[in-house]
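Each remark here refers to the structure printed beneath this line.
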Amino acid sequence: MEKLIISAAICGAEVTKEQNPAVPYTVEEIVREAKSAYDAGASVIHLHVREDDGTPTQSKDRFQVCVDAIRKECPEAIIQPSTGGAVGMTDLERLQSTEIEPTPEFATLDCGTCNFGGDDIFINTDNTIINFAKIMKERGIKPELEVFEKGMIDTALKVEKKGFLTRPLHFDFVLGVQMSATIRDLLFMSESIPEGSTWTASGLGKNAWSIAAATIALGGHVRVGFEDNLYMEKGVLAKSNGEMVAKVVELAKLLGREVATPAEAREILSLKPLKQEKPKKQKK
Amino acid sequence: MEKLIISAAICGAEVTKEQNPAVPYTVEEIVREAKSAYDAGASVIHLHVREDDGTPTQSKDRFQVCVDAIRKECPEAIIQPSTGGAVGMTDLERLQSTEIEPTPEFATLDCGTCNFGGDDIFINTDNTIINFAKIMKERGIKPELEVFEKGMIDTALKVEKKGFLTRPLHFDFVLGVQMSATIRDLLFMSESIPEGSTWTASGLGKNAWSIAAATIALGGHVRVGFEDNLYMEKGVLAKSNGEMVAKVVELAKLLGREVATPAEAREILSLKPLKQEKPKKQKK
Amino acid sequence: MEKLIISAAICGAEVTKEQNPAVPYTVEEIVREAKSAYDAGASVIHLHVREDDGTPTQSKDRFQVCVDAIRKECPEAIIQPSTGGAVGMTDLERLQSTEIEPTPEFATLDCGTCNFGGDDIFINTDNTIINFAKIMKERGIKPELEVFEKGMIDTALKVEKKGFLTRPLHFDFVLGVQMSATIRDLLFMSESIPEGSTWTASGLGKNAWSIAAATIALGGHVRVGFEDNLYMEKGVLAKSNGEMVAKVVELAKLLGREVATPAEAREILSLKPLKQEKPKKQKK
Amino acid sequence: MEKLIISAAICGAEVTKEQNPAVPYTVEEIVREAKSAYDAGASVIHLHVREDDGTPTQSKDRFQVCVDAIRKECPEAIIQPSTGGAVGMTDLERLQSTEIEPTPEFATLDCGTCNFGGDDIFINTDNTIINFAKIMKERGIKPELEVFEKGMIDTALKVEKKGFLTRPLHFDFVLGVQMSATIRDLLFMSESIPEGSTWTASGLGKNAWSIAAATIALGGHVRVGFEDNLYMEKGVLAKSNGEMVAKVVELAKLLGREVATPAEAREILSLKPLKQEKPKKQKK
């Protein structure tokens, strides 16, 4: 079985310091959390950024600053900006995270529209999805196809058929937003993608660990972090993303699966190499 | 195995006479299509209505006129108004179809938000779903929980937990909008609902018949009609909803399942009896 | 979707004229049943033979006589002798059906041991399976891997790994002996075989038709016949295998799937051509 | 979720000291292994016994001696004798393990016949299964329905329908003998049993830990031990059954599931209380 890629979704757009004081807002906090995850064994940092007061933003500048700062501390990490941003942002706002330099090697691409509680809707129309796919393709960014429902896989496959996505595809099953976070849902999703695809899964809230264990056993890759879950176990807040990554490493050890280094993760995900020279200059 | 309830989705909000000249717009056409389906064996008429030019509408008056006219020709039919209406309508507009007299015994309740192609989104926020459920409960209308994705079942179950839906639940799996219309998807959905629930399924387009056959075998109920499919087979337009219902009846016969009368369907669905006396007067 | 191959299991080893007077024992009866199935649309005749009194036999001579007689009436049919025979036969007895001339292009290979009711066991040890696979490979006979349980698929894959079976594999799911004959079981089985494999399914008894319909929709191939089922519907005995094949053809038509000719079936199954000249002489 | 019952299959009939020197043969060794498992958190000891040279036996005397000796060291343990014994034993031989005193509260009941490698068959005809079920019912022994294939569940349900088994049923899915030991197989099995049933699972060989983790997450119960697996991880032999049980306890902790005490296990399994006074006398 392929080595296990661990992604840390260190921040997200919705969780707050009120829920868990370790949720990062400032650049320093974001770097601290990225480093804790990276040191514990994560090779992918799934990144949202915030203003210092915690407001989610897709600002290109904020992403640039955070990514540069993370890269200094976690030189090999695969930094994967979110293009989902937060509910209510426009497509153009959301795409800014892909405009930093060097162009990211990896970024999320949400494959459908669904409810996000109360009156909220996370909007990704069919046209938006195609547009984001096109742009990522042009920029050489590998999309992580974020799906909350099985039909979003089917949508992604239609977009692929139209030529805007290229195999091997990589999916991320986010369970517990729409579909419940059960092994049954996970298995159904993992059997719904084309042979030769890779996939990551995360279970929201308390099911994070069951989903992680089953994913390790099924040959998928695991995402954990404050974006998805704030607790180590019932009533025990996680002190850092690193603590959660370490728990995944422990599960992998018990289940006999080796953890991938960033270099191995790049290989497994067929990422294109970052072009790192020019950006350094432009950053001035 | 329970007898088979056949629902005819005779009209929908999106198909047009350009696609199939038998699609009904006027009251007369709607009655003609309802009657063809009813005579062929449908016990439920799933109803959208249109202006004479084909524009979809949720107008209470138009629903009242159509329902009354259908009832004259199909006295026993279970008439199930849509509360989904068409993309872009407000919740209040959509709810009008439940305000006719007598209060409908059955109506659809869409359990999530999803894409409807291009820039279109069919919006049913969590708050909308709860609100519709509440209103139907107050009015004694049995909801048909329309789901396009597995997570929409999970949403419905959360709404039930909050007390706004009552068991036994009845689901309608509409496959081919988001989730693909395959037997695999159908089976997964049918195994995702609480024991004791009933369910109907429809497959959009050419998969309508495979989904119908598998549904008959699995003990579900079948919906067909112009809303979901315009063809009898590749290249052969259906001449009427009745022709499609007849094909379902034929499949049921081959597979050894009896077709339910409207009275039997009411029993299976635990519908409350229509209060028909007073409305007759009020209709003046 | 591939065209549909219909196999007729015209005789079996266990059903009797007492159960259905059309069950064939004599050569003439076997030819009559084969021809009725072939004329109705079957391209494969799955063959057991009997003594004139109905006793099952794997006698090479009886198989030779029956196969020659069937071939005269159904010149293009793919005749697939059983190597399963009947409970209690030795491996050597059972293998006789593969020794006729010309060597069969296709034959069954049972992939496990299971109960057959009461004190009966249908025995196919791991060593037997390997031995049969070896012999068929040497003789150029394509095996139909008959499986009654999911683990028998896993057994077949182990035998393949050892080199005694060659891809593309062809499976036959016989449901209703051990695993129940439901769409759920069928789907699980059809998703348990390697990509690029072909498969046939049959459901024992009254579930024959549901399994046939689902199989048609899933892209599998259908086996029906007296070996598996004696009734057209509840209480109505089938008058011939042809009548059952005709019902499958009707289902296929309703579900929009074309029926394969024997030549198309040979192509789909990658059968090697029969060497027909020499055998004719040797038969003297 | 129900607390987790851990069963230790400490000995089995097929593994040897050559494979792992900690495999117990003598009474002392069997007690040592039972105690290590019990102390680590197992509440059920699944028991086969051996002659001092390792030969498997179902001798009533040997079972009596071993059970009495285990009970002294593990006073609360649920001791579950195997009625499967070893390949080649007669039904009467196998049933001896249920004749000890006091009558066991729990014992295995194998629900089908299947291959056990090479020329070996593990024989449990339909008549045997019914007979064993009858006897256990008469003696008040709760059967653990041991199934290696999905069809064996269907067999058990037929036996239940005939009145020889009583709900709530308890199943044990032994994966890796016939069905492969994957989460997909496990899930399929766990969804194939009646609501209200309980179940245990074990995965043979290296998949033991993945199956354990998924079972913990799915709400099943876990069996580990030398009968099923000899290694802690690749190349590392287990030093005792207790070491394996401890690993399950660790997984349960990581996945947030509490481990059941023997008393809690008896409650979950609805076991009848052992009648312990009289037997003490009779044992003379």
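The chains carry the letters A, B, C and D, assigned in the order they are written, with residues numbered from 1 in each.
The working rule: a contact is a pair of C-beta atoms (placed from the backbone, for glycine too) under 8 Å apart; a residue touches a chain by one contact, two chains touch by 3 or more.
Heads up on the chains, UniProt names are A, B, C, D = 3-keto-5-aminohexanoate cleavage protein.
In this text the structure is predicted, and so the values were computed from the model without any measurement.
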{"item": "Rounded Å distance, chain A centre to chain B centre (Cα mean)", "value": "38"}
{"item": "Euclidean distance of C-alpha centroids - chain A vs chain D, Å", "value": "42"}
{"item": "Chain A-chain C separation of Cα centroids, rounded to whole Å", "value": "50"}
{"item": "Two or more partner chains touched - positions in chain D", "value": "191"}
{"item": "Arrangement of touching chains [line / ring / star / complete / other]", "value": "ring"}
{"item": "Pairwise chain contacts under the document criterion", "value": "A-B, A-D, B-C, C-D"}
{"item": "Of all residues in chain B, those that touch chain A in their complex", "value": "112-115, 117-121, 123-127, 148-152, 154-155, 177-180, 185, 188"}
{"item": "Complex contacts: residues of chain A adjacent to chain D", "value": "183-184, 187, 191, 206, 209-210, 213-214, 216-218, 233-234, 247, 250-251, 254-256"}
